[in-house]
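Since the structure comes first, as structure tokens, the remarks are kept for the end.
Chains: A, B, C and D, in written order; residue numbering restarts at 1 for each.
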Amino acid sequence: MIGIGLVGYGYWGPNLARNFSRQPDCSLVAICDSDAKKAEQAALAYPGAEIVDDFEKLARNPGIDAVAIATPVSSHYPLAKLALEEGKDVLLEKPFTRTSNEARELIDIARKNGRIIAVDHTFLYTGAVRKMKELVDSGEIGDLIYIDSVRVNLGLFQQDVNVIYDLAPHDISIAQFLIGRDPVSVQAVGACHEDSDMEYLAYIHLEYEGGLQAHFHMNWLSPVKVRRTMIAGGNKMIVYDDMEPSEKVKVYDKGIDIRRGDSMSLYKIYVDYRTGDMVAPKIEQKEALALEAEHFLDCVRDRKTPLTDARQGLSVVRIIEAAQISIDNGGKKVNLENV
Amino acid sequence: MIGIGLVGYGYWGPNLARNFSRQPDCSLVAICDSDAKKAEQAALAYPGAEIVDDFEKLARNPGIDAVAIATPVSSHYPLAKLALEEGKDVLLEKPFTRTSNEARELIDIARKNGRIIAVDHTFLYTGAVRKMKELVDSGEIGDLIYIDSVRVNLGLFQQDVNVIYDLAPHDISIAQFLIGRDPVSVQAVGACHEDSDMEYLAYIHLEYEGGLQAHFHMNWLSPVKVRRTMIAGGNKMIVYDDMEPSEKVKVYDKGIDIRRGDSMSLYKIYVDYRTGDMVAPKIEQKEALALEAEHFLDCVRDRKTPLTDARQGLSVVRIIEAAQISIDNGGKKVNLENV
Amino acid sequence: MIGIGLVGYGYWGPNLARNFSRQPDCSLVAICDSDAKKAEQAALAYPGAEIVDDFEKLARNPGIDAVAIATPVSSHYPLAKLALEEGKDVLLEKPFTRTSNEARELIDIARKNGRIIAVDHTFLYTGAVRKMKELVDSGEIGDLIYIDSVRVNLGLFQQDVNVIYDLAPHDISIAQFLIGRDPVSVQAVGACHEDSDMEYLAYIHLEYEGGLQAHFHMNWLSPVKVRRTMIAGGNKMIVYDDMEPSEKVKVYDKGIDIRRGDSMSLYKIYVDYRTGDMVAPKIEQKEALALEAEHFLDCVRDRKTPLTDARQGLSVVRIIEAAQISIDNGGKKVNLENV
Amino acid sequence: MIGIGLVGYGYWGPNLARNFSRQPDCSLVAICDSDAKKAEQAALAYPGAEIVDDFEKLARNPGIDAVAIATPVSSHYPLAKLALEEGKDVLLEKPFTRTSNEARELIDIARKNGRIIAVDHTFLYTGAVRKMKELVDSGEIGDLIYIDSVRVNLGLFQQDVNVIYDLAPHDISIAQFLIGRDPVSVQAVGACHEDSDMEYLAYIHLEYEGGLQAHFHMNWLSPVKVRRTMIAGGNKMIVYDDMEPSEKVKVYDKGIDIRRGDSMSLYKIYVDYRTGDMVAPKIEQKEALALEAEHFLDCVRDRKTPLTDARQGLSVVRIIEAAQISIDNGGKKVNLENV
């Protein structure tokens, strides 16, 4: 039986509580929220859990093996540090930390204490993203050429973070999962509302070794909700539309072959177009967060590295951090190795 | 009766021929194409027109009042120069010219010769774009905040120009038409196919005085065809989807109001969301090119400045040129006044 | 404080429980389900409610003012009869009863006992349907000409009822709500799976005085989910698409005017087409079942007739019954007054 | 060289003229239209063709081998009769004839004169319908269970025919092509505009041996354009959406298996649902009418029976005729063998 402590019962916390409470061999031991109203809601929904308003108490509870942290990102580092030092494994809401330095320190602390860190990159547990990973890894798509992602809606303006910290972890974690390596450079531009200094709109552009590019459009001020990613490979292309109720992933047997002409006509190129069937593969429907909770408990039990571990969390934070540096410097290209 | 000479009977030329031949008080006097096969097609379709393979002959034909140029962009400058010097008015396919210097010279030549230049920014004659212009100018949309445009498909790879020169004139001319002034800076990134040094994919980002931003995604290598522009104002937001068979323009009565909290809670912001009706206004269905041909003939007849005149053409070319400079310099921000 | 007893904790019962438990001045006193597993689930979710397996016990509980019945339709009559005779008001899941005779008897029993019957035609409490009612009643749509409704998906095959009893109550109750009177005749055709004698597919056609027609397509064996209703009036036309996440209701300013030619050309007709703006009016987002629970409690408290009362329930049951008679007689037209 | 004569240069005639004029070894010899304005248009577009206003002259022209008839349906019989008796092969616009008796007579006349009749069921030459035929014939779809087709828009009200004669030939010819046999019975209902006695809206329902059903919804007064057919088989299901610019045919690996329980629980059925990939197979893009013209010329040259021959035309006319009888008799079921 694994004992779980949860800190933060605001927007996402109740989803974590619900999913952990339904896992076998797992007990939701305590919930911590400093907001009295939220603490009351937690008490009502989970009569068996201890409700505390002081995180230290939760962190020192010997009945708790792992702590799930669903608080604003600025508190991730101190809460996780305390939990790790008290010998707890930790699952953190995305983004992992506010800065890459915080992320590196937590990785260090976890290593010293023999603890596990998982980051809640939920999308990597969806059937759609796992199917795309399978398609990319099998070679069916071919070498990746570009990824273009749009994630926009009339969104919840956040108090403490801008649109990048809010939305980019989703798309960057998906891209990193599919690509499997870090980009070389990061470039970003953005816009703030006239009454705020937080970006509500941003574009991030990543360049990888070998010419691969990834581009993300994030927007809290769009009249329509769009969540669409195009993934182009040398053989096939994928459109992943998360707003589709079914057929979220469509694989297009489309592409081009370019041949140069002979030396006499240097600039003459010949383009052959290929167009075949489109296939929307069957996608597993299981709730991503249920799968993630199950996987995290497995890792805690068997001392395994989670699919979405701290290194992946750090990789996402570094790219976000570089994007923010780029925005703050007028869209300058930032080499990731300098971050 | 206005006499028209057409040079270039490839992809777009036949559309110009068809539309001018149907206008009243207008005669398609001559067609010039150096490709024998295309010349033959022109002869078959327009038995009344003289078919020539030498542009000088057409440019010197006294029965011709105005010349329509639908050739590759690299030939725009010499052909238009000759036509203007021979006293002809000129309609040029987009983009106006290869460089802004060429554009400026042509403007100069036209002024000296008292000639009219029109640039074929066809979209500005569509019912959809004219309706959006009307909505923006009436104040219904409010101050513009951002424009985001996506124009992608598995496109015709061009021999002589990259995706920017091919597709960006559409979106930039629409944005400039709606906004009514030049951006301050231009930034762009792009990708080339491994077997070509021409960009097939590009993102362009424009910044205007006062915080307005415009972003364009152009792509010849997309599995799906998307032509969608979001135009956000302080009052309402527009989605213009050119792939919709009807209801191309949708106006959303959506937005936010941000209020800061009092001085005690500096970071506290309050966001109010507004959501009202969505209206898809009736759009005039008349073919844009027919309207454009009619308007050009009116300008020739009455010596008026065309809606899509050389200054607008120059404005688009400058932005494209700046975008290319930005790409060639690793995505560096380019001040437009330096171009 | 109104005491609610719920019978049936299968597919729909938990939704009723959740919504009544959240209403102010209302207490979920007891839940009855003969299935031990479901009774256990109910006990877990509502620790404050008494869990019984014998409906009589619930019906005779003096702390219960009103009974919500969410059991298979064949049990509606005996359960409601008992509850009404014990002095309880009753809310019944759709369809109201298996037969119109049962419906008439329940109405009679309720009248004799001064009790209220409400039927759970949930859709009439949605923002979309209420907006359409408002548009029709205001005269904006004009005289109704036809209603065409499609409700198909790869659906849950029911054990005890066919697709008509399962799906038609939704569309018929919406149509009756908008039209406000009974049809004159009912005609239906259907298809059964080779291994079953229950219709999985059916088409129902209603004719009203004055030429108005309504047609319903219901299907449990469709590869795609469609829930779309077209409502045509003399002035405007509505498309109600319940699968749209937003903009469920679209109002088209479209129509025709037909003029006959003079007497010399009897068959010559002139048709004028009108096409104006399309408007998707803002729709209230509140959960229909919450509104319905609130309204039912108001009716119980103030002894008012519910919006979806027993007469409306009877009207729907009669049409369904007539449709079944028509199917059983090879699609014969059935006059509703004979049912 | 095959000489073609065309009668009727209204809505569809120009399409036939264009397609025949582009076929090799074929000459558009003469065009007949009694309307002077249309005759003038024909003369302008086809300077090489003789323009006549008297069909007899065309029918007796020895340079003409085959006559294409694109006139209103009421004139099909007399025109085709004359052409056949003059020894010409005939291609008729759909529907073949006004009545099945006319159709039978023309078949007889053609047989006696050794002439070929083709009916212009254009859809059977589209890539989409041919692909569906291939899927059905290969057994991939399994035994057909039902076909449901919707063809509605704000349509051109016809002067001389109702919506059934105008639109049903498309859907019925597609259904007959896929199913390969006649239905047993036909049932139909419809609605007329208050100022007209022609149906603008109709539903037709066909029953086949073995339980297969087909249902068609045709409507000239719909606010939106829908052209969608669902074809359900025991193994897979197809959605054919002709409004999709690409991916018109989608094949869903979906279905159910029903097992009855043991004899103790007679009414207990077990339903297993299957859901697999969806595939949108590549569809040939060639214009259907070009293919049809080519095929007709092949048949004329080689004296072969056309894919869309007179028997198929008769089959469609019989079903339409039965549908009209059913409508005129209040939706009564009509046995096709009595028509």
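Following the convention adopted for this analysis, a residue touches a chain if its C-beta (ideal position, glycine included) is under 8 Å from a C-beta of that chain, and two chains touch if they have at least 3 such contacts.
What you see is a predicted model; the values in this text were computed from it and never measured.
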Remark   = Ordered by label, the neighbours common to subunit B and subunit C are A, D
Message = Strictly by the touch rule at the top, which chains does subunit A share as contacts with subunit D?
response = B, C
Ask   = Where subunit C and subunit D touch, do the two copies share over half of their residue numbers, giving same, or under half, giving different?
value = same
Inquiry  = If you average the CA coordinates per chain, which chain's centre is most distant from that of subunit C?
reply    = B
Remark   = Chain centres from averaged Cα atoms put subunit C and subunit D apart, in whole Å, by 39
Ask   = Roughly how many whole angstrom separate the Cα centroids of subunit B and subunit D?
value = 43
Ask   = Among the residues of subunit C, which ones contact at least 2 other chains?
value = 275
Task = Would you tell me which residues of subunit B are touching subunit C in their complex?
result = 247, 253, 275-282
Ask   = Once bound in the complex, which stretches of subunit C touch subunit D?
value = 145-146, 148, 150, 152, 154, 157, 159-160, 187, 189, 191-196, 201, 203, 205, 207, 211, 213, 215, 217, 219, 221-224, 230, 232, 237-239, 250, 252, 254-256, 258-260, 267-269, 271, 273, 275, 330-333
Contact footprint of subunit D on subunit B as seen in their complex = 225, 243, 245-246
